[in-house]
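Read the structure below first, then the notes.
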Amino acid sequence: METITKIMMTIITEQNLERSIIHDLEDLGVDGYTIIEARGKGDSGIKSATWMNDTNIQIELIVDDALASKIYNYISDTKKYDNYSMMVYLSEVKVLKRH
Amino acid sequence: MTLDPVVMFFIAGFIISLMRVDFKLPSAIYEFLSIMLLITIGLKGGIELSKQHVGDLIGDVGIVLLMGVFIPLLAYPILYLLGQFKRVDAASIAAHYGSVSVGTYAVGVAFLESHHVSYESHMPLYLVVLEIPAIVVGIVLAKGISKETNWAEMAQESFLAKSIVLLFVGLFIGWAAGEKIHLSLDAFFFAPFKGILALFLLEMGVVAASQVGLLKKYGLFLLGFGIVFPVIASCVGLVFADLMGLSLGGSLLLMILAASASYIAVPAAVRIALPEANPGLSLTASLGITFPFNVIVGVPLYYKIAEMYLGA
Amino acid sequence: MTLDPVVMFFIAGFIISLMRVDFKLPSAIYEFLSIMLLITIGLKGGIELSKQHVGDLIGDVGIVLLMGVFIPLLAYPILYLLGQFKRVDAASIAAHYGSVSVGTYAVGVAFLESHHVSYESHMPLYLVVLEIPAIVVGIVLAKGISKETNWAEMAQESFLAKSIVLLFVGLFIGWAAGEKIHLSLDAFFFAPFKGILALFLLEMGVVAASQVGLLKKYGLFLLGFGIVFPVIASCVGLVFADLMGLSLGGSLLLMILAASASYIAVPAAVRIALPEANPGLSLTASLGITFPFNVIVGVPLYYKIAEMYLGA
Amino acid sequence: MTLDPVVMFFIAGFIISLMRVDFKLPSAIYEFLSIMLLITIGLKGGIELSKQHVGDLIGDVGIVLLMGVFIPLLAYPILYLLGQFKRVDAASIAAHYGSVSVGTYAVGVAFLESHHVSYESHMPLYLVVLEIPAIVVGIVLAKGISKETNWAEMAQESFLAKSIVLLFVGLFIGWAAGEKIHLSLDAFFFAPFKGILALFLLEMGVVAASQVGLLKKYGLFLLGFGIVFPVIASCVGLVFADLMGLSLGGSLLLMILAASASYIAVPAAVRIALPEANPGLSLTASLGITFPFNVIVGVPLYYKIAEMYLGA
Amino acid sequence: METITKIMMTIITEQNLERSIIHDLEDLGVDGYTIIEARGKGDSGIKSATWMNDTNIQIELIVDDALASKIYNYISDTKKYDNYSMMVYLSEVKVLKRH
Amino acid sequence: METITKIMMTIITEQNLERSIIHDLEDLGVDGYTIIEARGKGDSGIKSATWMNDTNIQIELIVDDALASKIYNYISDTKKYDNYSMMVYLSEVKVLKRH
């Protein structure tokens, strides 16, 4: 199996932020992403998806090392997301070459 | 005093949530009901606007805007000085109370219809108008008139918030199409209005009850504020209504607009504009305390006050 | 015999599913339709209750409870001894058949309305009452009166199951608000009832057909049971109806309650209380066999039986 | 010319999407509205069919099928030779334009009702009939009559597409149950039709506007085609209508069927049958250009043309 | 990039169990989780999400080794979930330090 | 913790393909899968889940090495999916032994 090793960066955050964070990510060079609706609980309480302001999204980004660092630095440096509930984690994935 | 059936739905939702029944409307349905309420309220107002000279209302719109600026300015010192909240939290809560709750407004409309009391039917215009100034005042209170604020983004998030836009779409189409719209859209928008409101309130009862648990965390002052301030604000609303010469029904609706606190448009806008504000505080107050209070006690109470004041 | 249009929707759903058409209602819509049916049935019953002395009904409620205990006790030995099912499976299926199906009940109501036959309008009360005893009987049959059973959790899962609570909310609000509720909630809850039922049945047809494949797996006995037992149970229902002196319409509805098997509240409760029971067995029987049988053949058949028995 | 309120909803959706308001209907609600429109249109047609000898229509159905074959054959050379599209893309777009848009048809029905113009009420039958031939023609145009094509799968995806099946279910039940269905299903299906259409069009406006951005990518030819071809096709429709001796109202609807392009059934079927075709091209044309054009300009324009042609 | 290595524990199970399993997990010391709606197929048949009793949820837990073992032991020892359809798997993730 | 190491194969693709791809996967020997609704953006543009033809699904397959290769080969050899938007990646997971 011919694969390329990449980093899967997963961001779980408030749905309210979707537009703004996707905008920032695209500025940083992201050109592919997947978004999944989620509920959850964390330091900032329960997100039960009962009503509009109360839902999470899980953003999945497959990126190379350089872009991962760039996003990492952006998220940790900017104060913008300091006050939002957000969880970010990385794992390794092997992407199949198709085309 | 007999409760309006729609209010019973609210109470039922509240109770079943406290009994830990695992009920919630699918969020798609909740959104659908909200959209229906907003468009219908807009349409109703628009149809009435089509019958009058819009120009005649400009003065009154100005007065209502003034009220929208005044109420958060009244709430802020109470929260900051008496309540000892952080500046940004006081400002955020003030913004919520300066703005309005469409659900509470709809309960007021249902109340007037049950009591066969008429009202100035362009009131939805004021509903739209009041959504916005409080947000601006809240931000200025929190930050001063700082250059840092991204006013463009703020405007996008508040003026173009979904709820405001839907009200406005309804208002505009109602105004442009006029009375004849009733014929074709009655069965979907107008006739089921109260039923839609009932189901919406069932869900809101569930949501409001789930906020009650947070009260312990935020303490008694917030509880008191969430009950007392709406009553004060309703009196402010009454004075403004008097100024504008509104009828008994119209006065009640303006009192409700004054007394109610936003739990949809403002939380979203403030979350973007004032991220350091604790969203739990303002939501618990507006949704967990003031909304139930207004729906169950406030609306009939304000009506009594208005009757006495207007000597009706 | 002409089919009721709502039954045609069921058959249409069944057929398109067998033809492998890729249709299903979004689950949010399915839930919405269920919620509407439950609340409306509750409201209807409540409004009628408001017209009578609730006290007068206590005796009848007792009789209905008795029926709810009797039917699973009748089903259990058939399943355990004749059907050779494991004890826990026999008990679980018995619980499903002792309880009721709201969808089938609604088809019965639609049938009576089409045939202009009146019925005791507090029947929804019995619908609520019958949801529960069968679950308790089922658990006792499976486990004996064991200390292991977490009765508190079981009660939470069954008494406070969403479907029962919504029926009860409707019943209570209907009772408290009375006839006047018709005015304000008609266009959303009452008038569209049959249409909502039609769309609900379209989806139920799809779901029922998807259960049919499992029949092969579970064998002929289950098929026979799913068709014959409802007929027996309907006769039990008729005897109880006679005891209570119900009218022809009321008798049909009690027969339907007896003959129908739960596929919402009971599966969820039994899944928690009797996890070792195979949920596929009971669901295939109640949803894949008995539900279609009752909707298409059972309702008119029971009506014929009732007519003959009551000599009407 | 005054706009129909439902068209205003479309325009409102279009505008708020361009203003970057973050509004979309939950997809479950969008599907629900589509399902309601399809079933209701089917039911309406079916009820009318039940009043006539279906046999009498066979000839006309044949003529309509012919039209469904002719229109993609007319579109293909324009796209391939003039537009310089790849063969498979030209064939795919041709298939879209040979088929029909239920949303546009519904706007036409609303238009006729507003103008109190009657029409042959079995038109929904033609709506069903026209969904299919264009897909077949498109595939043959792209591939020749190749053995490679999995016709079975293609048939499954097109004949048994959800939208066609729902239309057909409505048609069949309407036909089998006849006029009496009105009584029981009116409040849910028929009466709210225009309101449902309004909310559906609000969302379609949002979706259509989101396609507009792609126009730059695909160039001016597509824009021109999306506006000019429907007008040509509407005239083809008018000639066929004349051949069949349809009334003014019926002629308008056949023109709309001819002029409108599919954006639901065909995209899904073509995606399976002709995966090499660029789905962006055909969707931008049918949804981003032709749909808005038809809804806002086309319907009243075709009506004018029909009036002139028929000398009414 | 400053990250902490953690275990991502994913539990796919019947939606009916949500309340009960979240309760148990919180008792075991879990204070953050994410829930996603899912459909699927496994040993216990197809969960097509067509109607209420027929849906899965995917619970994602980011935990340290100790808590992972604790949950693992609980799930394998208790008989409670033996008769439910449930799939549990682990992977390694690197969580970004933010605050 | 007793676990078996397996491959998690994730396929993100157009919802339209669900029926066809599940059919193919089952032919290849897959007997368990999980499906999650997703939105996203990739080479073939934005899938915003606004309406029917515009949604992604994320298919998660826990498989052993042999089956993973088989699926890989199928996907890269068949021309069938060449023209669809599809993203496939692998990672390692440890599945808990329960029964």
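Letters A, B, C, D, E and F name the chains as they come in the text, with residue numbers starting at 1 for each one.
Everything below uses one rule, namely that a residue touches a chain if its C-beta (ideal position, glycine included) is under 8 Å from a C-beta of that chain, and two chains touch if they have at least 3 such contacts.
Please read all numbers here as calculations on a predicted model, not as lab measurements.
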item: Any chain in contact with chain B as well as chain E; value: A, C
item: Most distant chain from chain C, judged by the mean position of its C-alpha atoms; value: A
item: Approximate Å spacing (C-alpha centroids) for the pair chain A, chain F; value: 20
item: Between chain F and chain B, distance of the C-alpha-averaged centres to the nearest whole Å; value: 46
item: Computed distance of Cα centres, chain F from chain C, in Å; value: 40
item: Contacts with 2+ other chains: residues of chain A; value: 36-37, 82, 91
item: Residues of chain C engaged with two or more neighbouring chains; value: 22, 26-29, 31, 187
item: Chain contact graph, described as a line, ring, star, complete graph or other shape; value: other
item: Touching pairs - complete list by chain label; value: A-B, A-E, A-F, B-C, B-D, C-D, C-E, D-F, E-F
item: Residues of chain B defined as touching chain C within the complex; value: 3, 5-6, 8-9, 12, 16, 19-23, 25-29, 110, 113-114, 187, 191-192, 194-196, 198-199, 202
item: Touching residues on chain D, where the partner in the complex is chain C; value: 26-29, 31-32, 35, 39, 156, 160, 162, 165-166, 169, 172-173, 176-177, 180-181, 184-189
item: Interfacial residue positions of chain E with respect to chain F in the complex; value: 10, 12, 36-43, 56, 58, 68-69, 72, 75-76, 82, 86-91
item: In the complex, chain A residues that touch chain B; value: 14, 16, 20, 45, 48-53, 55, 80, 82-84
item: Residue ranges of chain A in contact with chain F within the complex; value: 1-3, 6, 8, 31-37, 62, 91-99
